[in-house]
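Okay, got some structures for you below.
Shared between the two complexes below is subunit A, which pairs with subunit B and subunit C, respectively.
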Partner chain A sequence: MKGSQKNSTNKGENTNKTEEKPQQAKSQHVTDDIHTNIEQIKQNIGHNTDVIFRSFQLGTTKLKAAIVYVDGLVDKDLIQDQILKSMIYDLSSIYSEEQLSDHDHLKDWVNNNVISVSDVKEEKSFDNVITSILTGSTALLIDNINTIFILGTTSYKTRSIEEPITESLVRGPREGFNESLADNRALLRRGLPDPALTMLEYEMGVRSKKKLLLVYMEGITNPDLLMIVKKRLEKFDLDLALESGYIEQFIQDDHFSLFPQVQSTERPDRVIAALTEGRVAILLDGTPFALIAPVTFSMMLQSPEDYYERWIPGSLIRLLRYFAAFITVFVPSIYVSFISFHQGLIPTKLAISIAATREGVPFPSLIEALLMETAIEVLREAGLRLPRPVGQTVGLVGGLVVGEAAVKAGIVSPIMVIIVAITAISSFAIPQYSAGIALRMLRFGAMICAGIWGLYGVILFFLLLAIHMCKLKSFGVPYISPAAPYRLRDWKDFIFRFPLLIMKKRPQMMRTLDDKRQKGNS
Partner chain B sequence: MYRLRKIALAFCILLFSTGCWDSKDIEQVNFIVGSAFDKAPPTTSDEKNRQKKRVQLTIQTISHQPGSSQSGQGNNQQKQYQNVSGTGDSRLEIIRQFALKTENAGVGAHLKVSVISESLLRDMNLELLLSFHARTYEVRDSCIMLIAQGSAADTLKIAADIPSFELIGISDNQYKTNRLLPPVTHGKLQNLLEANTSFAVQSVRTQNKEIKFNGGALIKGDTKKLIGILSEEEVEGLNWITGKIKGGFVKGKDPKTHGLILYEISSVKSKIIPHVKGGHVSFDVNIDTIGRLNEDWVLAGNAFSNKFIKRAEIAATEEIKRQIKQTLTKLQKTYQIDAAGFGEQLRIHYPKEWNHMKKNWDKRFSKAPIHYHVNVTIRDYMVKGRKEISK
Partner chain C sequence: MMKQKDRITTTQMAIYVSTHMTALGILTLPRVVTATTQTPDGWISVLLSGLVINLFAIVLVKLCQRFPQESFYQYNPKIIGKWFGILLSFSLITYFILLGSFEIRGMAEVTHLYLLPRTPFMATIIPFICLGVYLTVGGINPLVRLFEVLFTPSILIFIIVILLSLKTFEPNNIRPVLGQGILPVIKGMQPTALALTGPETMLVVFSFMKEPQKGIKAITLGIATPLFFYIMTTIFTLGSLGVAGVQTKTWPVLSLFRQFEYTGIIFERFETFMLAIWILQIFTTFVTCLYVSALGFSQIFKKEIKPFIFGLAPFMYVISLSPKNINDFFHLGDFLGYVGIAFIIVVPSIMIIIAMLRGKKHVPAS
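Here is the complex of A and B:
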């Protein structure tokens, strides 16, 4: 936002009549005269050094023409070979004077016979022309013609398709989205060459003018869901949409909930799977993260690998993740309440050894737990931001050396270090990063409840959490479905992942138009 | 906004309904693992107090010194437990005294064993003595009861890392010996006391800081007092009747050569069948046991011949019968007490008749004829036998 403001003040210095000119440009249409047209474009963006104006003459005639483009955003080879060359050289061999005098004919003729670029549009409004130039198109102006040709020459450097870093799998495709919307769209098309795959284009950000794609399966996705998403996408007016996280925060249901209500993913296979389940995906230009909506809590604990593996290991590993999620949230709080309130619930010999290790620890167990959990969060954050080799060192130094030293110094008990380590590792077993963060935050709430009320507090916290999650909805779909509302059909793909053979129908909660997944009688 | 205030109010109420002042970190409490009840020693100085104070309670708590968990490191001869004693009339009264003697409060949730001295229980009702145990939620049902011949407090001073753990460890050894009664846990004890049943409890004796589980103490159902002690052999007989044997051996005598034959018990099944005919009660006790020939001191014995195995079976049968007879004589004649569950079987099979008889059941039991049939099967002679040397 700051950058764009600066830009407008620059404009003010360069051109004298800053207040009126842009407004004039809006209302003004393209004229016959090439000089006024060029002048008009120059007034708007001409002071930028990356905007290139190239004037030339059509063939051997005296007819003037010009192209305007932004350096770096266009494919220069394309412009030279297919536009300039054909306009200057090839034109002269086939044109006739009569054809040139007829302006309307000239326009069609240039369009049909001269320019060998696939993407050609005709524009009459300067506003659109300037936007197109700034997003990488080339504007072709010809004297005596009152339209400007917009040639799709956009080409800029993009990252190649790489393995997604945040969601790596042992088994599964290694392709991930990149920053180019065209590439991402192609990945989806390649995975799902079905005419039902529909992509609606939106423009996000008044200034950033990012393309956004709303992707769904026509004939599968429930139209009501589609309407909700469309409505939410149209409702807000952003200045800048840098990342799909911006969009996520505008379209989510509950802004105060800790749980992510939209899933973000780098994996095309995940998006495709969601689409065929009747969900909707949102792709934004400039980010490898696609959004999937609606989501349920169970999706946060699922990995595409559950489906790629055979069903028994897939189910068990998924069960393990539910277990890990429980450990992440509740183990430190249960430990605190056992230590501070309910010593009778620990097996006698364990209780004796815990008491012995805690002898001499100066803090109450709650403070001790908060201290260590905060320390491990700091370590995690520090390791994340540093370059990879350094990050690993930080983790090692933090985990081993500081932990060991803290125990030796008698600040924390060794069992607390074990508890903290177990919770930290469990939290990393959750495949969705944002869900992992949510659960880690909840852990602190649970610990404080445990420190005040013991197990009673932990149960209260659990109830509170359950109430919140029951209330939460993501685009009309209850967050903890299919547990509540209870839908037995969807339990096939909930805690366990049943064999694909018997998952014959799409999830009931998505209310798809066509719910058959497999052919044959179900 | 109004809703928010409601939530805040609810939060505050919950906060003050219970709270962190209940919190006591694990190192600030003492785990009581064992307790011993004795007769209060007579105090010569104060006549009045002597009459009042009747019970001496000793509790054993774990002292958690840093490093006591890492035993073996260094030669810390520090004791891992502490015993504290106090006298008074009620258990609670004595427990409160301990707060004046020790730094940390005691927690009874880990109580493993209560030992009651024989002399105390001869005059005092067990149900009243343990009423505090029965009422509090702190004492778990798994806590076991033992009767000490001699001083109960001494059993908590035996030479072991933690004497209480040693006691429960030994009481679990039923799979190795048949001279041990099944442990009477706190939960089971409550049932027995409530049903006014007579029963036998494992008794122990301490000598020179060494413990020995030696027989059983008989508690009479109506008075809930101790009336007698069974010897180890009599305990064996009692176990045969109830069938609660998981292991052990029988020392029989070869009828032919009078050499020793040791029969190792693998499994025992016992069934008490009551008969009521015209108001007369009689019982059949069928005992089936399977085991192996473990040791024989019969030089002429051939373990490979079925004849010898049969002889060994007869030897074991005779010995078992002898033990049962001995026990039944003790129960029926000496103490007139049904501690083997005959009454329970009668209640199950003849509930109507039982209602008439239960009032003076112990007396009726002492006159009831009991027939017992023992069937010993020797299944194997382990990995090696010995052939006859003669011939």
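Here is the complex of A and C:
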């Protein structure tokens, strides 16, 4: 049993293939007879009340026709004005019955002169017809014609373009992606009206049939990278692709790493910047989160604002974030190791004051730290999931009241509360949510190592972290570049953000085909 | 993008050699040198022996450049015959295993003395070795990437801490320069051997170089960097502790950083920082030894490298615990220093002469 579970991916592939085959065998082609065609569709999806069948006659002729659509997914005005009206009224006035008996002629005539919808396809396989209907198209069936017209009438309610909630900036565009792929694509096009901007379409999920766009810059993005991404996207094999997280988990390099190896973002400007650096972006229908690959650790600590602000504040703020990341991971563990192992390393006065506050605390410092850090994680999670006004109350009650009471009751020392608070606040300074989670998890590992081996444990943990990041690659790019391998050109945009004037070339680590950012002199 | 597999750049090579050299030796160097010279001129000895080593390292690179695609294990049978070749390979492997174990023990000794006085060696050594195995199974590329990452912060912290020690620096302690002539300086060159071992790994890892023709540049940079630190450390330690003081301390460099305190900042003492980067440097030397010896086995037996890494790790653990006390341990160090020097000076020189006489060279296939 265990063996078969382990090979679940292989097994999944097999079952999917076997599922597809009978479907294809079952799939019949469209016939001349409208009644059998309608029956065929009805057999498949006719039992759903939202599937609407509307039969009518073409003008004054006796020729039968029908449209099929799903209520709520289509633009009804469009169907009434551009399809039904023209089919029922206009056709008859120009065309006589004799001419309509010529089938090929009729097909062309309907296509060219009657239907005034921009997006028209002809389909012969029922499978595709049904899929199209279920994604919002309208099927037009006409007697004596052995194809079905698929009319693009998709229209559903989408959220308007709003400010991205998870990545807010002080300065920068306030546009964020929404759930509609068409809108997101338009946002990218508007920001980058360059012929090199290329979008390849994929269909994700055997059942969900979500549209996915692989976006890159032709002539900039390295073809090797593109090949890796394409290969991994084609490997995607699930019936459902709900959110870009599904895709991310399928295409990432290391499934056991805590670090995100693909960046998710709601900001079109961020995607555009990444594209021009030679990275690829992945947009999925139904989610405002686009994916950017490959990523490096330094990208996790960057915010678009670094580039919008002038370079000195931009660099300093970035430096501050590196500092915050360090605090998030290591400060509680260093505190634990100093308190429980190396009291001698703390300056005497500070040591005395710490000892005074720790008097009466019943737990060793490791347990104390783990307790408090867990408590603050619970608080954060509770505040996140609750409605906003309630969430704030939870934060207030949890943070202030419980913290104060815990200190007064002598369960924890006030210095521990300070350490925990500093750590928590620092972790919020990391602009990428998923990177922030990674660092917060690592903090616990560091604390446990510190509890066992003291400062030596912290050093070991640092080594472990460094080794892991050195081994990690994101789509062939080392995760810690440009720190290693040394690429001095890329250091202009690493810990400091140098003036834009100096950044004349694209990042070297991306091995772009065209590495100049400026015009001319090519 | 995937093509760079198993190839390392010239900068990476230089960093590799220099991080491999910087290890246990740096902490005891001022003591062992001064014990022989009895004058404050130890730093000149270090400089001179560094230059000598560099000269022979160039010969070593020249030898490697005759076989740019192969490691020492692979080409030495071609020069001196199959059985002598294998014998030489095994002695090099044994040397690396011993050196790696020696470094682990040294780390355990210092950690025991300064950080964890009540923790048994087992508890400090085992996680250390496990980390080494975790890194080396990834191959040469993660290895050199880690070295690069650690290199810059190590240098920065080292320079800051050493400059802080100016507070106790007494210029009179290092004067007179060459007061008793050149003879003590020459004598002092001998005990620097252990600190200067390191370039011999080039015999093996040279085959990974992307641009083998830049080998001399890489090794010269790789030796110059640690040499600079050695000289700085020796001068500052002598300057603070004096000729007599240096000789009485087991780890004079750590004693140097214990000498001074800066009150008012969060940390008053800085030997912790020095110790931290030093543990990282020991780690780098240990993993290169582990990797290079496992690579030797895998190339001689033409098998995968991973089983050898896993097999060598417990072996090194046992060896690292075998010196009975710290004097045994230092004797092992002296011995390893001489063997290392033999592999830098004697072996490559003889090999290159034989290779030249027999006209052995790598013939490019095409």
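Quick notes on this structure:
To be clear about the criterion, the second predicted complex is superposed on the first by the 491 of 522 C-alpha atoms of A that agree within 3 Å, B and C clash if a C-alpha of one lies under 4 Å from a C-alpha of the other, contacts with A are read in each partner's own complex, and residues count from 1 in each chain.
We take it that a residue touches a chain if its C-beta (ideal position, glycine included) is under 8 Å from a C-beta of that chain, and two chains touch if they have at least 3 such contacts.
Predicted model only: the values in this text are computed from it and were never measured.
Look at A:400: by the touch rule set out above, it reaches neither subunit B nor subunit C.
Once the two complexes are laid over each other on the shared chain, residue contacts for A:355 go to subunit B alone; subunit C is not touched. Legend: residue contacts after superposition of the two complexes on their common chain; A:451 is shown touching subunit B, with no touch to subunit C. Within the superposed three-chain model, A:460 lies in touch with subunit B and with subunit C [touch as defined at top]. Of the two partner chains placed around the shared chain by superposition, subunit B is the only one that A:339 touches, whereas subunit C remains out of contact.
Applying the stated contact rule after C-alpha superposition, one finds that A:186 touches neither subunit B nor subunit C. Look at A:320: by the touch rule set out above, it reaches neither subunit B nor subunit C. In the superposed model, A:365 makes contact with subunit B only, not with subunit C. Residues 341, 345, 453-454, 456, 460 of subunit A contact both subunit B in one complex and subunit C in the other. For subunit A in complex with subunit B, the touching residues are 338-341, 343-346, 348, 351-361, 364-365, 451-454, 456, 460.
On the subunit B side of its complex with subunit A, the touching residues are 14-15, 18-20, 22-27, 29, 31, 33, 62, 64-69, 107, 109-110, 112, 138, 140. Residues of subunit C that touch subunit A in their complex: 1-2, 9, 11-12, 111, 115-116, 119, 123-124, 127-128, 131, 134-135, 138, 142-150, 152, 263, 266-269, 272, 276, 279-280, 283. Contacts from subunit A toward subunit C in the complex involve residues 222, 224-225, 228, 341-342, 345, 347, 350, 453-456, 459-460, 463-464, 466-467, 469-471, 475-478, 480, 483-486, 511.
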